[in-house]
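Each of the next two complexes has chain A plus one more chain, namely chain B in the first and chain C in the second.
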Partner chain A sequence: MLILKNIDVYYGKLYTLKKISLHIKKGEIVALIGSNGAGKTTLLSTISGLIKPSSGSIIYEERDITKESTENIVKMGISQVPEGRLIFKTLTVEENLLIGGYSKYSLKKRKEIKEELDKIYHLFPKLKERKKQLAGTLSGGEQQMLAIGRALMSKPKLILLDEPSMGLAPNIIKEVFQHIVELKRLYGLTVLLVEQNARSALKIANRGYVIETGRIILEGTAEDLLSNKDVQRAYLGRDLDAELRI
Partner chain B sequence: MIWDKEKECIDREDLKQLQLERLQSTIHRVYRNVPFYRRMFDKQGIDPDSFSSIEDIKKIPFTTKNDLRENYPYGLFAVPLREVVRIHTSSGTTGMPIVVGYTRGDLKIWSELVARVLSAGGITKDDVIQIAFNYGLFTGAFGFHYGAEKIGASVIPISIENPKKQIKIMQDYKTTALISTPSYALLIANTILEIDINPNSLSLKFGLFGAEPWSERMRKEIEEKLKITATDNYGLSEVMGPGVAGECLEKNGLHINEDHFLFEIIDPHTLEPLEEGQTGELVITTLTKEAFPVLRFRTGDLTRFLPGQCPCGRTFRRIDRIMGRTDDMIIIRGLKIFPSQIEAILYEIEGKQPNYQIILERQSGVDNITILLEVTEDIFSDVMKEQSQLINILKDRLSSEFGLSFNVKLAEKRSLEKVDGKLKRVIDKRN
Partner chain C sequence: MSLLLQFLFSGLTTGSVYALVGIGFNIVYNSTSILNLAQGEFVVIGGLMMWFFLEGMNLPFATSVALTLTVAATVALLMERLTIKPLLKKGDLLLMIMVTIAVSILIRGLLMFKFGKDPYTYPPFTEGEPLVIYGAVITQQTLWVIGITALSIVILYLFFNKTMLGRAMKACSLDIKAARLMGINVSNMVMLSFIISGLIGAIGGIAITPISLMEYDKGAMLSVKGFCAAIMGGLGRGRGAVVGGFTLGILESFTAGYIHSGFKDAVALLIMLFILFFRPAGIFGKTETLRLRKF
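Let's look at the complex of A and B:
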């Protein structure tokens, strides 16, 4: 569905992404793991067209989108959920969602947009309860769901999730990740998931890539990466769940 | 049956992308973790960030068997030893073997790939598999063992035993598949005929043979004598072990597990890549190995890429059966012997540089090795008794060195076969 080949990105003189090649098949959840500053967010923003690579190609559904505008990329069905959610705190929940449908908006499509809203409310009942509330008053977990819901309003086929677990309590993280699995199941969505919380990400992913200082150093099934000693040492930390079970 | 249809029937374009991704990450890991490769890259001025296609691999110098030997034992490991869960060696007979290691992840992939090769050769979970390879440092037995268990077949880890015992177990345990070297399979087949057992009374259906070169004629002979379908497979410890490539039931070449290994075929003299169909030396790069990755390893094995697509549905390219070795290395009954090792012993006993020739022959499926030793007039004119004494000393010494019985014959001066004025050191009459 999405193929990146030899993507090079410079921030000024800084060589931040070095010949990144990766692929995502339709219906897959792919996790991109790596530490702070490894280039994960840069990579997502490059796919969305917010950053232009200096060389390399991005092929989406057999079309070269390397030089497309972000607007067109969103229309083609790629939607990014930014790190830190970046919701509009002074707008209501519903207004935030409607903004997400902006690229599809026209008067004739009001019914369609309403249906879309209902689907999202069905997926996240909490958002329905609070649709008139200002987004800034939501809890962190609810804000993350709102950010995901907003991305869904453009009816994406591929969703790019940037650190959805950031700043959330462990039980909320669990809930957010369950929702991501639901997205795949109910909407047939394909997901590229960027996470520092490698264990949670790999637990729901099919495959993963490990990125370090702008280079991909490992690719494999999520299961293999979870058991890889390098990955364990660098990104997984202690598995308290497993330790407590013993 | 196709074990992993998603991978083995992958679209060629998708495969190229996957190979590129894996090559890039392998190069980064190897550059970071293996001093030998880091020095090689730095010395040649190769930037590990400069690989943007599979073809770029040509920038990397070849890794030779000697490079592996010089880093004995653990010099080329890309992970710390505490992450290695298994150690094997290449099947060198004497001198320095090559030590290879496997992480837990490597072992998992290894059994997957062997499961593919076994399935391609007809094996299913209903089979009873007799593994007649030596269980030990050699990768053959353990490789097949875990692959067969992965499929869910019943494994009989009999190892190398006398043929009669193999046959008894085959009869009693209702073995349906035999895994061994082709020459050993033929030895079993001939023994079955000798002791007058009707091969139709056995449950045997399939045989997967490898670890030494064999011919189409030999396949026919094994198939007819054992009443089985025999397939060829290829692997080597330096790269992984069995599971690198294997034939499907179409029996028209060995499918390479291309999602894990990159194959090149080069002219062993000019080192230039060869076209599809041309025979040359096989060079392998591992794409997923963690503990012991190799870049452009010169296997010394001669083969060629086969053109066209296989009717079985697998999209992986095929190589022809291994046609021999680039150097003079002799593979006999799964053992690897270098003429130089034999020479050293002849020198030791004769006390001077020997003039000799090694003849390999196959008689009713058993490989025999004969040394023709050219002798000077003075030895030749000596009494018969002394001559036979010399022969016996040589035979004993060679046998104890290699664990294999040798024939030794004396030849008159200048009687050894020459090609273009040069003495042909090894004459292989087996195929």
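Let's look at the complex of A and C:
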């Protein structure tokens, strides 16, 4: 569904993404794992068209979208939930969701947007309870649900999630990840999940990529990565040497 | 009593125009964080072009209004596409604000070239006896000015809160990255904000000219007053500019009436100084929002 071929990205003079190639098949959950500053967010920004790669190509559903504008990419069905959620804090919950449907909006389709809204309220009943509240007054977990709901309003086929667990309590993280699995099932979504929280991400993913200083250093099925010793040491917080000593 | 009321009404009239200019400031500020200091120029364009179509070319009233608004929108569009758009990527706010001053000087020059230095006016929208309330006289045009201002405010409120386009513009003002990820073309929204604020200015100009006359160089002072109205209410806050505009208009009119008409223009500057010294976020603004802004 999405193929990245040899993507090079410069951020000013900084060489941030080095010959990145990856692919995502329809219906998959793919996890992209890496530490701070590895280039995860840059990669998502590149797919969404916010940053243009200096070389390489991005193919989405057999179309080259490397040079497309962000608006067109959203219209084609790639929606991103950005890092830090970036909800519109001084607008109401409902307004946030409606703006999410902007790319699909036209006077004729007003009804569809309404239906989509009801669908999301059904999925996240808490958002419905608080639809008139300012988005900034929601709790962290609710804000994340709102950010996901807002991204769903554009009826995406592929959803890019940038660190959905950031700043959330462990039990809320669990809830968010359950929602992601459920969404995949309900909407038939394909998901690219970017996470520092490698264990939770790999648990729900089919496959994963490990990115380090702008390079993809490992790829494989989620089980393989979970049992890979390097991944365990670097991202799953398991000190193998200490374990061996015991 | 009648004198006080008289001052109040004339204050409301000029205040209406300040409010409209202030709202114009806010709309552009909200979508770009820049101050469009050519804002007052659009009021002048409104008044002078209206005279040109109505009196100069003897066109019917409605046609003249439509043509005047078209001219104002076109000027705003050109201004944004030619000067702001190329600079927006660099993001140098101060530079862009300077450019708006340059544009205002250019517009003023062109208007002087075409209209000379004489003041212009045309008959009020409706002929008829003025209203007398407790001895204070209100001309029908005054009612038009206040009515049109009120209507503009209502329409803008509905636009920003009930339409998708208005919401998208608000989204741009809050978070550009998030707005882009929603599929909103931010550049178009910036253009739209310039056009809307240009139109609002022109509407104010069309309405006020039969009362206060219009000449080519009125824009600079109107920009200052409108800016004062906007910061009084807290820059970026729509309701704030309305309250600020009317307050400023009334204070000016009282100063002119009770103290000396020579001090009239100083009021806005004094208020501005007080606000900047003591409440930089404005009367309704929040200090936190101010800190998060670059300007």
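Operating definition for what follows: the second predicted complex is superposed on the first by the 237 of 246 C-alpha atoms of A that agree within 3 Å, B and C clash if a C-alpha of one lies under 4 Å from a C-alpha of the other, contacts with A are read in each partner's own complex, and residues count from 1 in each chain.
Methods note: a contact is a pair of C-beta atoms (placed from the backbone, for glycine too) under 8 Å apart; a residue touches a chain by one contact, two chains touch by 3 or more.
Because the structure is predicted, anything quoted here is derived from the model rather than measured.
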TODO: Put chain B and chain C onto chain A via the superposition and say whether they clash or fit.
DONE: fit
Open item on the list: A:103 in the overlay: touching chain B, chain C, both, or neither? Say first, second, both or neither.
Closed with: second
TODO: Please work out whether A:71 is in contact with chain B alone, chain C alone, both, or neither, and reply first, second, both or neither.
DONE: second
TODO: Please indicate which partner A:169 is in contact with in the superposed arrangement: first for chain B, second for chain C, both, or neither.
DONE: neither
Task: For chain A as apex, the angle formed with chain B and chain C - C-alpha centres, to the nearest 10 degrees - done: 150
Task: First (chain B), second (chain C), both or neither touched by A:82 - done: second
- [ ] Would you check which partner chain A:186 touches, where first means chain B only, second means chain C only, and both and neither mean what they say?
- [x] neither
Open item on the list: By the touch definition at the top of the document, which applies to A:90: first (chain B), second (chain C), both, or neither?
Closed with: second
TODO: Could you say whether A:50 touches chain B, chain C, both of them, or neither, answering first, second, both or neither?
DONE: second
Open item on the list: Between chain B and chain C, whom does A:6 touch in the aligned arrangement: first, second, both, or neither?
Closed with: first
Task: Nearest-approach distance, in Å, of chain C Cα atoms to those of chain B in the combined model - done: 28
Task: chain B - residues contacting chain A, complex - done: 14, 17-18, 20-22, 24-25, 28-29, 32, 49-53, 79, 83, 103-105, 108-109, 288, 290
TODO: Would you pull the chain A residues touching chain B in the complex into a rising list?
DONE: 3, 5-6, 18-19, 21-23, 56, 209, 212, 215-220, 224, 227-230
TODO: Note which residues of chain A are touching chain C in the complex, please.
DONE: 48, 50, 69-71, 74-75, 79-80, 82, 86-91, 95, 98-103, 105, 150-151, 154
Open item on the list: Taking the touch rule as given, give the residues of chain C at its contact with chain A in the complex, in rising order.
Closed with: 164, 167-168, 170-171, 174-175, 177-185
